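In what follows, structures are represented as structure tokens.
Note that subunit A is present in both complexes that follow, paired respectively with subunit B and with subunit C.
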Partner chain A sequence: MTTEVTTPTSIEAADHVVRLRSIGVAFGGLRALDGIDLDVAPGERLAVLGPNGAGKTTLFNVIAGDIRPTTGSVVLCGRDCSHLPSHARPALGVARTYQKTRLFSNLTVEDNLYLAQTGRQRRHLALFVSERDRSLRERAREVAHRVWLGPMVDATVDGLSHGQRRQLEIGMALAAEPDIMLLDEPASGLSRGERERLSELIEALDPAITLLLIEHDMDVALRVADRVVVMADGIIIARGNPDEIRSNTLVHEVYLGREGGR
Partner chain B sequence: MNRSWRDLVAVAVVAILVLLPLFGSAFFVEFVMTRTVILGLAASSIVFLSAYGGMVSLAQLLLFGIAGFMVGNAVGEAGSKGLKLGWNAWVAVVFALAVTVAVAALLGALSARTAGIYFLMLTLTYAVIGYYFFGQVTTFSGFGGITGIDAPPWFEGHPVRLYYVCVVLSVVTYVGLRLLVRSPFGMALQGVRDDPVRMASLGFNVALHRTLAFTFAGFIAGVAGVLNIWWNGQIDPTSISIGPTLDLLIIAVIGGIVHLEGAWLGAFVYVMANNYMRNLPFADTIGLTEARFNTVVGLLVLLIMLLSPDGLVGVILRIRTAATGLRGDGGSTSDDASDHQIATADGGPKGPPVPTHTREGSIR
Partner chain C sequence: MQGESARTLDANEAASAASTPAVEPWSIRSTRTFTTWLMIVVGVAVALWVLVFARGTSAGAAIDEPGAFLVTLLDGLTFAGLLFVVASGFTLVFGLMRTVNMAHGSLFLLSAYVAIELQQSMVGKDRNIEASDVGILQWIIPLLVASFAVAVLGVVMQQLLLRWNQGQDLRQALITLAVSVILADQMLAHFGGLAQRMVWPGAVVKFFEIAGERYALSRLFMLGLALVVAVLLWLWLNHTRMGMVIRAGVDDQEMVRALGINITVVFGITFFVGAFLAGFGGVMGASFAGVAPGTDGQWLLNSLIVVIVGGLGSIRGAIAGSLLYGMVISFAPAYLPSQYTYYAIIFTFVLLALVLAVRPYGLFGKPE
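Presenting the complex of A and B:
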């Protein structure tokens, strides 16, 4: 215990809540990630851009622990997590959303948001409903309102539209009250008005939360981010602030050009 | 509204079961209904795992059998097969349940990382191994099985007492499971059923949840196994072979594998068909002999799977929905959707459920 407090890594943790070193992920012959180095400071809002298949989701899977990298190390909040299973990472404050929604389809919106909290609250082996569960459910309903699902809290996920599921997906990350939040294309499938509201919601997040955002919608991404990394074919091809990225010709070639042609 | 309806039916059924010995024949109560309730209890462990954990287990009859064999080994005395430990009957029960739970925990942990068809196949493997274990390891049984096992003296000469104990334990299990699935543990289990990957990324140890659920279901199967050996007085490996293993799954499917009460309803239909099919009018003319019991049950299962995947309970729920629809009082959400509303009712005051978006049909 004492060693943990005094190790150099925990001092570094002050400037980096996420530190990736030469991360490589291979799916058979395909190198989805190839030597990624990335540091994210506490409270930073980092947008991850890149064309389809660039490896953005794979990068999130590595940080959240859903995939073990083939090479390299993952340090979260000063702790080497390279071998830590995904279910142990929320305790470090990590929460994520999925690009393709992963929700509990037979449970209600409230149940989903309740479970999003209990994992970290260590309540999941309790055999009796207690006062604490009631307050967690109260909070679940608040979160439902925050993601505009107030009228739907008692509906099961089966009965939600695609857009509502995306909203709930974001709610799942909010409900966990994370320190590090990974949002994988939260605005995909949302209408223009909903995207607008979503950007406002993200901007209004507690500034202490470190945010990593994958977003194809440049308006959302560049509006929200302080820093941007652009990926292609498993490597990071550009880093910088939103203005630098806008004017980067390489980025235009591999990404913006293609996207702009849509 | 639905909740009270569900509870009313449950209370009515329990009342009938309690009063049954007053008007039913001894054969009906002590043979047909006792067997029904024991099989229902065993099948409820399958339904629990399947409906709330997404695990279709073929190992429940094995665990049922392990409890029976352990009681047989523990209470047996000179003359019978097995270890012949000659223990007190109640000590034997504790011993049998402890062994069953330990085996369930081990098997559960071994299969916790598999899902779907792989889980099914793995539990089938356990069942086959268990059959040969008790067949070939003559220290514990041998293919001839253990006979002459007595129930505790309290039951001697009072078979109706055993019937009542079976009913009480079934009611306790049913109520207990319905409370459990709404507890934090039960909610997490349902999350594991719906999306284990998401559950892991929310911080839940999925393998641990699956193992605990499997262990608990093993305990229920073990209790049923103890009651069975008291009722039956004997056990042999054939009674836990693949045929009976599938029969227990069939019971769960007939009743409706997504509804807990379906376990007992399925057992009732199964045992009734087993005992009274030949008494049906024209049974002989259309060839309904005892030897064709399995064919008939097979056709019944086929019919249910095609017409009502959530079994007879599903049929009843649909009839009721149609009936309330005709009467025009609407708001007829499905039973399990209302279950979720009960689960959330603790969260605070709220309006009536939103019928258009609550789920129709089954849990899975």
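Presenting the complex of A and C:
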């Protein structure tokens, strides 16, 4: 059923920023992921679709290192990371957002963006580095402008709307200057207008950044992505460009059919 | 296709609408006004009692005996300083790691014993040390050495026993409880069962006149040390990068890790500081009131009361909790009718009940 032409195995690993080989994750008896192979080229925008429980977030957790795969290997930017802990991965250029917004609600927008950069700094735990570090502060403000939160830099996250929090999350991922960005349902819970803005924001991201996106909202996903994989029950059931996915009958049956029939 | 996706959108919208809270129901608002009024009435009643009606208490009404009132106030304030030093360490560890460190009181007591032994060997006397024998260094050096020693012990405990159980609150509480029992027994065996005392340096053992009453300078010295600790903590947490990481970790430690920050190291450092503060408070407490077996449990309880009143995990809450608890401890026995002074301890629980009735998570606490 796979619509993608299989890529020849002779391609160098460096041609792919993400290379997953026969990834399996088992939670007790449940196989959340079962033999996933996936290559993502630099600068590619890949949308991961699938019904609830298909294993999309688990796949992200494996790439970000939050879950260790039971089987298979994870190669990021040509380096085997299968056993690298999650806190070491931002240094390789991996940044992610979560399904539920995870921000530091007692800190200001600027402080959040400041912290997002420190993970890639060598001396991020140095005791006597002042938090008033000039260049990081400036960059935090610049990123805030880029995700349209310029006027809100000094507001604490508590005071932001849900849509603004989603914008800030993308800013957090951006601030780390990632090569690979994993966005987990960035549009969930947003109004139609907010979703429109968010799609614009994602489309405006630096084309050099490789983007993996989980999204339930087909409008956002198919607009932003240039390649789509569809998952169900822990396996990839279809790959292709947005148009191919739109017309794929199996996708309709498994994903849209079930969603629409609720 | 379009129709399908539109339906998904609507479902999303409905979900988000359901999650945003509606306008507060009237009953909640009226309850809140009621509790506010209750607090005001209680506050005014207590103030009036202390000011005018408290004749026949051991201190006497404040308008008749301003000196006694001032002394009671200073007693409360200085004791609050000691409470803050100990409880801030407790709340710091809890705030970041959700670890209820039941061995906090044991670290307090152990530090006190270590400092006392060190002071004795520095002064060169085993007993009957006079304040005049003690130079300022013979107090400060034992203070720092003992605090450092228990801080290291705290980190060892965290690394060996707690690190593997991160996120399992109950298990961590039980482990630290076990450590406190073991430490209590070992300290009894090694330091004996008699009450011991650290001796203030001669320079602070003086008395001065205040509104016709004599007051001990050492108590103000204690308050000063507490203020220094508070300022250093504030600078550390609010004006260094690591402080910001800790504040962020209090909000969401998983997210801190996802940003690429090695939070395990931050945990270790925070535990070091928390244990250091327990030790620092221990030496202050040993100079202020002496220590004996059982002091550990008493100070664990003190820390718990402060952080429950102030809100677990909040430094501002620790300040507020220490002040309130310190004031209750000094005012209750002084301003109860003389024949009821014995029951003053009940007011600690009145304080707890009142605060928890109005703010179930403590004054500065937040729901999980």
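Here, the second predicted complex is superposed on the first by the 238 of 262 C-alpha atoms of A that agree within 3 Å, B and C clash if a C-alpha of one lies under 4 Å from a C-alpha of the other, contacts with A are read in each partner's own complex, and residues count from 1 in each chain.
Note that in this section contacts are C-beta pairs under 8 Å (C-beta built on N, C-alpha and C of every residue); 3 or more make two chains touch, one makes a residue touch a chain.
The structure displayed is predicted, hence computed values, not measured ones.
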Query = For the overlay on subunit A, clash or fit between subunit B and subunit C?
reply = clash
Message = Once chain A of both complexes is superposed, is A:87 in touch with subunit B (first), subunit C (second), both, or neither?
response = both
Query = With the two structures laid over each other on chain A, which partner does A:66 touch: subunit B (first), subunit C (second), both, or neither?
reply = both
Task = Considering only the touch criterion stated at the top, classify A:102 as touching first (subunit B), second (subunit C), both, or neither.
result = both
Task = Classify the contacts of A:141 with the two partner chains as first (subunit B alone), second (subunit C alone), both, or neither.
result = first
Message = A:177 in the overlay: touching subunit B, subunit C, both, or neither? Say first, second, both or neither.
response = neither
Message = A:218 in the overlay: touching subunit B, subunit C, both, or neither? Say first, second, both or neither.
response = second
Key: Partner chain in contact with A:189 - subunit B first, subunit C second, else both or neither   = second
Request  = Return first, second, both or neither, reflecting whether A:233 touches subunit B, subunit C, both chains, or no partner chain.
outcome  = neither
Ask   = Does subunit B (first) or subunit C (second) touch A:155, or do both, or does neither?
value = first
Steric overlap of subunit B with subunit C in the superposed model, located at which of 4-12, 310-318 or 346-354 = 310-318
Request  = Residue by residue on subunit A, keep only those touching subunit B in one complex and subunit C in the other, then list them.
outcome  = 64, 66, 86-91, 96, 98, 102-107, 111, 114-116, 118-120, 124-129, 133, 172, 176
Touching residues (chain side subunit C, partner subunit A) in the complex = 1, 4-5, 7-9, 11-13, 15-16, 19, 239-245, 247-248, 250-252, 254-263, 265-266, 269
Ask   = Taking the complex as given, what residues does subunit A use to touch subunit C?
value = 64, 66, 86-91, 96, 98, 102-107, 111-112, 114-116, 118-120, 124-133, 162, 172, 176, 187-192, 195, 216-219, 246, 256, 259-260, 262
Request  = Please give the residue numbers of subunit A that touch subunit B in the complex, ascending.
outcome  = 64-66, 85-91, 95-96, 98, 102-108, 110-111, 114-116, 118-120, 123-129, 133-134, 137-138, 140-141, 151-156, 158-160, 172, 176
Inquiry  = For the complex, give me every residue of subunit B touching subunit A.
reply    = 180, 182-185, 187-188, 190-191, 193-195, 197-206, 209, 212, 337, 340-341, 343-344, 346-348, 350, 353-354, 356-359, 363-364
